[in-house]
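Each of the next two complexes has subunit A plus one more chain, namely subunit B in the first and subunit C in the second.
Now for the complex of A and B:
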């Protein structure tokens, strides 16, 4: 391999003496990765589109059915329900980490002893293996033996059924998701805080501004772009959330916590309905892209307003 | 020190305590569950520190359920997928950064947005057709979906910040592009490669969804093995928590010791992602 790699640029050097910085000469560096990306990312997409137009169940012949798989979705109550679950789950899993993550970033922006170490502890939930975490949360959610109901009883609150009741399952899962992903928002916002100059705060202090006023009128506007980025990443990840939900509830009780991703899993790998599963995968992807684009457009509009108002 | 300053310090200490406690308490409770006998785990009110420690839980996990096999499966899948990703991804990140090929970066973004399950359906059928199911090869290949984009993304960002002047000078002196990459760009990029390596290892190690579909009884990775313990083996809580802790321990240690790299990698990727 090393011989080939050395020969190739050797030839290039001989012919490329006059045209030194022409872009194409970097292609040999990109080529191997390009082949990998084509094989494991582009090919699966093309294959998925093709499969979504076919009636394909493992073990039976493939039949071209046009858009039938797509037309099935609006009339599939389980899919429609899964879309609602996904949207509710995502909305909560974006909003809560954004709020807590911003507060945590403001705190971690201060100087205090052991800050580096405590930040390391703080980001552990998002780096830890999701399935391992889900296992422990399942034990903590246990209605009789779980530590959460014990903690509630300490402050005089009634015991909950947590993930074992349809009404509380999604909020409980959102709690895990929030616990897990608040650190990412914190890190992004912390990056934003680091970029803010100290002068505005100094003059605000002289003018006698309160902590809250400084946060509201100096900090918040300046970190808004970072909040948008954090919110966007959070939204994409919350829409795709799988490990935690699958390991804790498998979409249950009943189908009360079944999101699109979990339903997609069932269709493709429990019922082996490959054609319909592929169609759901595509619609799901389009939904994610559209929602991300909407957020980007919102950000663009805010830029306009800021530019207009600030002038 | 004025009263107001003291009040501020106390307030900050309380705020730090409130913010960090959910993470600390969770992992302490995880540890507690893993070192308790069934009697203590089933007692009400719950016991934090038992009178007798059930270290035997760890012995149970390490000796049964092919835990060692699954550990080496994970090591092979994660190790191969990460090293391969570095081999193709570092040069690619270099090439994309120097060509300023922003469209190529969009492909990586799309890979980031796509749900993992979308890759699974076609690749599962392909592996089935090739008769590869039952070996570790399908999992190694599909983990490239995780590792390659991470490496390329971080390396693009890193190479964009390293100076081009030195490379130009080397080219004028008659070095080939490969020599420039190998002897000028690569040594400077070592910190970036470390970040890419660490993040690729963590996200590949943690991956669960690919394993539940592609892994057979012999080829499970640790996250899948732990999941199967919950659903089928009906173990008691102590050994289960011990298994969970063992699975995630390498990642937690990496998080604490390589915190600076992880933070740098995540925020760089995130900020660029917008």
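Now for the complex of A and C:
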């Protein structure tokens, strides 16, 4: 039909004009999603940026201060400390669940009686509510009445202060985090292990490889992509961690376990300093994006190495 | 000042006259028209705790009296504060009546103008029962409820005095007398500490922020004042350093391990388990201490005032009030509710269960009310004695939370060996610009 239409010069012009005039037919389909994205993602971000450029204390008028809120951060000792706490906390609570989760996955990948049942038990911490967990652990950490010090005393070790001392508070919190999230890493790695074919192991056995050698040279390289996924999920979760820290220590003793997230909460919702809080939120977001990008880049490089190794 | 006195006197005279008329059988000239706002619906936002419970439990009486319907919700303290501030700042709060913590919110609420002035209502005999007069509230209550122009912005509801709880059994076993001064308290605590048995001389809040309520009681008794005449904060001076040294000494030498993470809850746990001989905290913890289901020290607890420092003897005082949102459209009905909440009947219930201590002298001094108190008589005596030495336990400023966090963190740091003077100086340097900014805004 269009071929016929094009043969007539007058109509051809009209068609050309029509093509220019026709409103793009995809807009009605795009619009709902666009509105949602604008309202739910873009607007809050633009508003946060706008707030971060203002001195805005709830109850007082808003004043434009430019970048003053950002310049306050490097001179704010609590913020600088919070960044360190966040990085240490994140590093530990990514590394430990990865190590223990991988070990657990290797164990649970073996076939033994009651495996399914034990797997079920093992992933239970992951299903519990973080605040409930935190309250239970708080009692266990209690230096006088807690069960942890009792267990230590059974094996003749001196009592510890756990979350009640600035030097041990972050490792103790990481212990809770590790206990809760090791099962997640295990599940991801188990998925990876299930996908590995048996042939490499068979040929390795014929070549006389030890168990460790098989793990190091076959299992580990093949599950590395899964470890990266698990690591990335853990990293983002650990950076954002709030519930466990808040419920157990509220950032204490002093401010020894105050992470950026906790400090941000205090600034915005306890001190009602919305402007400065928004600026911290933005910096925090940039930090997460940068760290995630680094992880992704590393994963990409590993991928190339793997391909190179295979070729 | 003269004006206030005159009003107070005339109000008193009026009250006396009304009372006399009532007694003599004459019809009372002006009486509160409780039913005038029948049918109104009020929204109330409460902080979770015994005051909220007491209001909710008996609210039917208020509805029967006034015909006013009340919708109330109890929210945990921290969240209630946040919700209230955000809603009030929006200009359209969802509530008419608010339960506020004076020691945290007074200055913030005044400066933002969030509360309705009820001075006029209090003078109106159609709205105010004759027994509700300003002079019936304790000095601390009035200090909290009035702004610097002398307007009443809320009704003082319940006061919290810091007192000394002690374990009579441990004291008797070691033959130690109840301390009257800080020096005696330190000496007693050292004698009572026996790490091998797991008993310690003293326990108290070590957790940042929470610890400030205890620390300030030491600070006050060393002669400390929070602000100078120009409104500068004074928490790095010699009084503060001495107070911190005492705090450090008690909490590191004679307190249970891990005390730097203790809030009132952990402190109470240690005390109710009989592990700590002395505990300084708010007066409201007597009910759990005397509850056989929660405590091993029932009947063994002594209650007395906080020992004297070298420069005075005070009971650090905190409190909450009940006020009306300035944006509320039902201010008169809301006022009737506030009045009922602090009434003698409600106050008596609060005191008798140990859920709070009314600011009103007419409740505290009433023999009938006193005899109904279910807690030990010593507890009531410590309340009455503390009222005489009451002094506000936190500075009346807007950034109270920052103050408690920053100075509190410094004070907690001394528990891991940091030097008091250095830590206070550091906290001071951090806090001063925050205070200046808040007062300037």
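Throughout what follows, the second predicted complex is superposed on the first by the 266 of 311 C-alpha atoms of A that agree within 3 Å, B and C clash if a C-alpha of one lies under 4 Å from a C-alpha of the other, contacts with A are read in each partner's own complex, and residues count from 1 in each chain.
One rule holds for everything that comes next: a residue touches a chain if its C-beta (ideal position, glycine included) is under 8 Å from a C-beta of that chain, and two chains touch if they have at least 3 such contacts.
Computed from a prediction, not measured in an experiment: that's the story for all the values here.
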- prompt: Counting only touches as set out at the top, which of subunit B and subunit C does A:91 meet: first, second, both, neither?
  reply: neither
- prompt: Between subunit B (first) and subunit C (second), which does A:166 come into contact with in this model arrangement: first, second, both, or neither?
  reply: second
Message: For A:302, using the defined touch cut-off, is the partner it touches subunit B, subunit C, both, or neither? Pick first, second, both or neither.
response: neither
- request: Decide which partner touches more residues of subunit A, taking subunit B and subunit C as the two options.
  value: B
Query: Once the shared chain is lined up, is A:242 touching subunit B (first), subunit C (second), both, or neither of them?
result: first
Query: Taking the two structures together, which residues of subunit A meet both subunit B and subunit C?
result: 144-145, 269
- prompt: Which of the residues in subunit C end up touching subunit A in this complex?
  reply: 78, 82, 85-86, 88-89, 108, 111-112, 114, 198, 206-209, 256-262, 266, 269-270, 273, 275, 399, 401-402, 405, 409-410, 412-413, 415-416, 430, 438, 441
Message: For the complex, give me every residue of subunit B touching subunit A.
response: 12-13, 15-16, 19-20, 22-24, 26-27, 29-30, 33, 41-42, 44-46, 87-89, 91-92, 94-96, 98-101, 104, 107, 110-126, 141-142, 144-145, 148-149, 152, 171, 174, 176-179, 181, 202, 205-206, 208-209, 212-213, 222-224, 226-227, 230, 237, 240-241, 244-245, 247-248, 251-252, 254-256, 259, 262-263, 266-267, 270-271, 273-274
Statement: In the complex, subunit A touches subunit B at residues 5-6, 8-10, 12-13, 20, 23, 25-30, 32-34, 36-37, 40-45, 47-48, 51, 103-104, 107-108, 110, 112, 116-125, 127-133, 135-136, 138-140, 144-145, 147, 150, 179, 184, 187-188, 190-191, 225-226, 228-230, 232-233, 236, 239-240, 242-243, 246-247, 261, 264-265, 268-269, 274, 277-278, 281-282, 284-285, 288-289, 292, 299
Query: Any idea which subunit A residues touch subunit C in the complex?
result: 55, 57-61, 77-78, 142-145, 159, 161-167, 249-255, 266, 269-272
